[in-house]
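Have a look at this one before I ask anything.
The chains carry the letters A, B, C and D, assigned in the order they are written, with residues numbered from 1 in each.
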Amino acid sequence: MRILKNRAVRAATATLVAVVVAAGCSSERGKDDEGNKSKDTFVFAAPGDPAALDPALASDGETFRVTRQSFEALLKHESGGSDLTGALAEKWDSNDKGTVWTFDLRKNVKFHDGEPFNAEAVCANYDHWFNWTGSYQSSAVSYYWQSTLGGFKKNEDKEAPKANYKSCTAKDENTAVIEVNEPSANLPGGFSLQALAIHSPKAIKEYEKQDAKAKGDAITYPKYSQEAGTLAGTGPYEITGWNKGNKEVSLKRFDGYWGKKGGVEKLVFRTIDTEDGRRQALQAGDIDGYDLVAPADVDTLEKEGFQVPTRDVFNVLYLGMAQGKHKALKKPEVRQAIAHAVDRENLVKTQLPEGGKVATQFMPETVEGYSDKVKKYEFDTAKAKKLLSGAGETGLKIEFCYPTEVTRPYMPAPQDIFESVKSDLDKAGIKVTPKPLKWAPDYTDAVEAGSCALHMLGWTGDFNDGFNFIGTWFAGYDKQWGFKNEKVFDAVNAGSKEADPAARTKAYEKANEVIMDYLPGLPLTSSPPAIAFAKDVNPPEVSPLTQENFGEVTFK
Amino acid sequence: MLRLVVRRLLQLIPTLLGLSVLLFLWLNRLPGGPASAILGERATEAEVARINRLLGLDEPVWIQYWRFLKRIAQLDLGTSVRTGQPVWDEFTLRFPATVELAVAAILIAVVVGVPLGYFAARRRGGWLDVTSVSGSLLGICIPVFFLALVLKGIFAVNLGLFPSYGRQSTGIDATDVTGFAVLDGVLTGEFDASWDALMHLVLPAITLASIPLAVIVRMTRASVLEVLGEDYVRTAEAKGLRSSVVRGRHVLRNALLPVITAVGLLTGSLLSGAVLTESVFAFGGIGSFIRQAIDGRDYPVLVGFIMFIAMLYVLINLVVDLAYSLIDPRVRVH
Amino acid sequence: MKPPMTKAAKADRLAELMARRGGDEGGAGLWTEALRRLRRSKMALIGAAIIAVFLLLAIVGPWVAPHGPTAQIWRGEVFPNQGRFVGPRSGNWLGLDHLGRDELSRMLIGARQTLLVGVVSMLIGLVVGALVGAVSGAAATLGGAAGKRVDTVVMRITDMMLALPSLLLAVSIAAVMGQSLTTVMIAVGVVQIPIFARLLRGSMLGQGGRDYVLAAKSLGVRRRRIVLTQILPNSVSPVIVQATLSLATAIIEAAALSYLGLGNPDPAVPEWGVMLSQAQRFFDNAPMMSVYPALGIVITALGFTLLGEAMREALDPRLRG
Amino acid sequence: MPLLSVDDLTVTFRGGHGRPPTRAVDGVSFQVDAGRVTGLVGESGCGKSVTALALMGLLPGKGVDRGGSAVLDVGAGSEFVASGPVDLLGLGPGALRDLRGSRIAMIFQDPLSSLNPVVPIGVQVTEILERHRGLRGAPARKEAADLLDRVGIPDPTRRLKEYPHQLSGGMRQRALIAMAVACAPRLLIADEPTTALDVTIQAQILELLKELVDQEGTALLMITHDLGVVAGLCEQVNVLYAGRVVESAGRRELFAHPTHPYAHGLLGSIPRLDAPRGDPLHPIRGSINDRIAWQDGCAFAPRCDFYDEECLEGPPALTEPRRPDHRVRCVHPVLDTTAEEVTA
């Protein structure tokens, strides 16, 4: 026994010594690595891990942030803006009904695996998605396909939306034609979605067989989507590694890229889930940039010489009112009273990062269909009081849900915003009972089910179309709001079937005015999610849709 | 000895079964489901319903439980709802990090705590005693997350002595053999990788060590005080032995027995309890993963994890007992 | 030659002399002994002093607080989004928090909340834990084979509870019950249960083996009586110590929960843990905003811990001397 | 001259923690002659063990005051100690360590608790050989085996590997004795060496001790409350009461003529087979706690049948009422006892 013990001890000490000594003599080399590493590797900290490396299976921004560097869709938003421009398609056009979409594809584009990009490739992708079966049809896996092009060839679930996608035909090498059954507000915007980015057909063939099994109590993402180097896109970077343990995805510059080559040799995305964590990592020089900067930090970082470029706003935060939950909210006066009671200016002044704006309607001004003629509800506590007493609701008691442990691009500090709004309402004589809930699923569920009389929620646009905003709430009856008002519903839907962009915009403007007259809830603010970069970085054009292309990054 | 191991593992089975039932009933009481956790604000009722149906979460609990049992029987812990990967893989992926962290923390706690406790006992009532005891107590009283933030702010951000997050720097692409970053470096000869990993360990380990340290200091102190009063120490003195021998062979060897048990249990709690530390230092271990699992209602992960922890505890207790039987002849295992 | 003393006189003289010699060691009971040692331990004194101050604050705090906890009176002067805060000044001795509220008032009112959380959750743990422990301890010592089985089962369960990371337990409780002060208390309390249970059982087993229990058994005293009148009273001291220590851990655990966003939500009743977890976002620009509640927590916890440790030492017969 | 002469030894425990200081040993004087067995008798609490510890230098450094002197003839000196007579109370810790185990050894009361439970017997024996005789490794083990053999432990080589809990009570005490005599000390102090053992074993152990001292010429200071042991072993007896020697005489003389009321009482309280039936025992009333300070008078007075005011006039001196070699500390010595009344 004793012998054995001693042996163990000796072994242990031996290793320890080895490590320390080794470390000692090699530490120098380590330093050098750091030195020249920063030249060609750009490290960006994201708040969350990607879900998969196949954007088609994902619905979260973190996945897209990574895949966007490697996969391209037919269309994209212009760098730093929110207008559509060509990506893999140079030009695109549709018939008047908006059901036949023709894309002139970019020539001599190669996939990372050397395959040529052409019309067949495009159709291969679209048909692949359209023919999805099994748990691929779950909206947890194919959310964006379903929300833009509806269901599948064979819907296995009667609840699934009916297919709107009809066919994709390769007219010639460089012309692809995609047909849909109904005109849709999601087009052409949908064609820019990262979820509909084009992969090399070779890769698709190869991994088609791998099923996303709904096994026991969870959906297993297909194996290929969890490994680097399986799929091949056309983007400026290739994904070379995904070290899950280290929460790190690394990409290498693709020299065969058709467009402007990537500025740095290697891109690395690392996950740091807390705001402080990301900020401190930047301050400590461990990373070169990060997203979702806490508003409180923007100023600090700038003072310390870091770069915090301002994004245009492309989201809206609103104060939701569930009429189903609280009868008083059915009275317009009460809703108006609340609207007048809230000091939205103060939120912008004190809570939001630079560039934040008061929201006058349920879409930011950057979106086509934004109207200046909507009814505005200025801050006026006295008026609020008057309206309440008029409605016989003085001393109104109401429950107010807010999410904890989360920051959303449109909602930097939920609890602070909540407390400000609450104290406003208190001043107007409305008794608020706070009800904090964990963001997901508690909060989102409660809100969806309309069990939160007052609540805060928001939306970040997927692409530049008004319906992508107002459509998500007011296209029909929704428990979250709990009201039926055909006038509103019709106004909102009017635009969605409209093929002609100009007419569509008009319709949306009208819709916004109708909505704000009815005032189902109170749009609070639009705030730009802040993004920060190190001093020695030439940052990319920051995008309102948070669709930065890190290929633009270079080091000073 | 082997029989002991086997017996313990058999005892484990009923415990696990009971535990799993409790868990299942418990977790089913949790509001909200994975679906909305996945989709966030994009979740609509219809979607949630569909996903739940697909996952069979709409079926009665006992059916789900039966399915679960069948899975477990095949040694399948299920699949994480959030990451869509097998729970087992997720654990094996992240557990080494936590083990590394926990071991480092315990090492610190023991290396610092035992001597402190010993000398505190020797100079009972002296300034060393008072300072070391109340100092270690202070360690317990600082909320871990705050301690972590402060340490990080000072040593990582301001002084830049240590990395502020993660397990490894980006530049160093270490080859992964065992998953234990430090060890791997030694095995593969990538010593800079080892060093790098060590540096990343320092701050989290110190943070995590604060509580075990306090416990160990106090235990050592108490137990040394007790042993110093024992007759056999007096005997040793009566033999005129050199004080080094008296301390080492007669005082410490006896005084450390209870400390060993404590260390075992502490390690266990660290392995399961590094949630705060890991999330402050974005340390890719099991702790932060579990925290996300809780937020995301990732039932399979939670169930799996608790099963995992249960087993872990039995194993640790086993190890402690074996270690004990090595040092304390009175409790030989037969 | 002095006149001979009477017997009585002699007796008195003796008594006087014996008295003068002073009493002998021993005889003093466990508790009196302990108290005597406590009064002389630095740790105990410091701890007690801290606790006294804390209690005072907790009691009078809300009345002496100059402003309401939610009144965002100086809202216009604080700009968290620009890192502009207001430090100590006349009128706001501890400055303003990130929503333009008077920090001092919130600290004062927070004291009571913090105490409340500590005490209630400790009590939950103590009462339930002690019950469980007592039952299983009694079963183990006097219940015979069946009792042993009961005991093992109970202890298994507590083991499991101990094995679960306390935060995980707390979080899932919070998830079921929704967030509120009560949730925090229960969550933190539940975590304490197994500790108390094991402790009491342990010391009961220790007592169970003692001669006086054997004696009582052999005299045929009814088991319930033995447990109630002999074993329990002699087993409580470690539990009392633990209770003191638990007050500290409870306060800290509560802070941890707040950091995980599960703290008491209601801004009207600020609790130091919540204040800390909210303020640490602004640590760079307004460190004091985190430091005040942090200090509050640390010092209070330290107070209870010091006292608890001192008691532990004072009561530990092995460490007499 | 004697091997050890203790003169006016006093040991006082400072109270601290508000307790009054207690004087455990209050001016004890006695002598131990080389190669002879001297007894130190008294009921528990009379300060005999403290005396022993004081001689060994094992009393805690803090909170204890020592007075008087205890001169031991250490024979050959060592690196710390000059040869010849030295005052044990005057020595530094280093010197004491050198003497303990080599010149002066001790056997304790409870053999189980006096052995380190987690160290094999062998090591516990060899360590002392190594310390004082520089023996290491094989020779040390050999010597240890011999020692165990000498103290009558069967199969010593196996025992060396065993741990205390594997030995019987008697074995353990033998092992302790083996350690004590390992370096042939000049003085061996045995503090109630048999109290923790059952009677049959007691006899064996006493037998063993006798042999050893006879062979080695070691002087033995036997500390006990058991008059049986005294009768069987000691040549010179010192009766201790409340920290002072109250009577000192040769064994026969003492048993024949217990002169101090206390000694008288002690002997009177032994049950005897040849006593007529129904003849009651004569226990001493009260306990050692019913006493007064020596400076006020005779500490035994409160329990004494014969005391009067004279007893309360200051400390009584040692007198020699019977014979020059029989010293008694009493104002009213019991002189009328006749031999046949008490003889063992």
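To be clear about the criterion, contacts are C-beta pairs under 8 Å (C-beta built on N, C-alpha and C of every residue); 3 or more make two chains touch, one makes a residue touch a chain.
Worth saying up front: this structure is predicted, and the values here are computed from it rather than measured.
J.: Looking at contacts between chains, which pair has the highest count of C-beta pairs?
T.: Of all chain pairs, the one joined by the most C-beta contacts is A-B.
J.: Would you identify the chain whose C-alpha centroid lies closest to the centroid of all protein C-alpha atoms displayed?
T.: Given all protein C-alpha atoms shown, the central chain works out to be B.
J.: So the centre of each chain is just the mean of its C-alpha atoms; given that, what is the distance between chain A and chain C in Å?
T.: Here chain A and chain C have centroids separated by 47 Å.
J.: Taking each chain's centre as the mean position of its Cα atoms, how many Å separate chain A from chain B?
T.: One centre to the other, that is 36 Å.
J.: With chain centres taken as the means of their Cα atoms, state the distance from chain A to chain D in Å.
T.: Going by mean C-alpha positions, chain A sits 89 Å from chain D.
J.: For chain B, which residues are shared contacts with two or more other chains?
T.: In chain B, the residues touching two or more other chains are 31, 149, 153.
J.: Hunt down the residues of chain D that sit against at least two other chains at once, touch-wise.
T.: none
J.: Counting only residues that touch at least 2 other chains, which ones in chain A make the list?
T.: Counting only residues that touch two or more other chains, chain A contributes 276, 405, 438, 442.
J.: Can you give me every chain pair that touches, using the contact definition above?
T.: By the stated definition, chains touch in these pairs: A-B, A-C, B-C, B-D, C-D.
J.: Inside the complex, what are the residues of chain C that reach chain D?
T.: By the definition above, chain C touches chain D via 2, 4-5, 10, 13-14, 17-18, 20-25, 36-37, 40.
J.: Please output the residues of chain D touching chain C within their complex, sorted ascending.
T.: The touching residues are 17-20, 22, 289-293, 296-297, 301-302, 307-309, 312.
J.: Flag every residue of chain A that touches chain C in the complex, lowest number first.
T.: 275-276, 279, 294-300, 303, 346, 349-354, 356, 404-405, 412-413, 415-416, 419-420, 422-423, 426, 434-438, 442
J.: If we count contacts the way the header does, which residues on chain B are in touch with chain A in the complex?
T.: 31-51, 53-57, 64, 67-68, 71, 76, 78-81, 83-86, 93-94, 96-97, 149, 152-153, 156-157, 160, 163-173, 176, 179, 182, 185-186, 191-192, 194-196, 198, 279-282, 284, 288, 292, 295-297, 299-300, 326
J.: For a test of understanding, state which residues of chain D touch chain B in their complex under the given definition.
T.: Contacts found on chain D: 56, 58, 96-102, 105-106, 108, 110, 113-120, 123, 127-128, 131-132, 163, 165-166, 176, 179.
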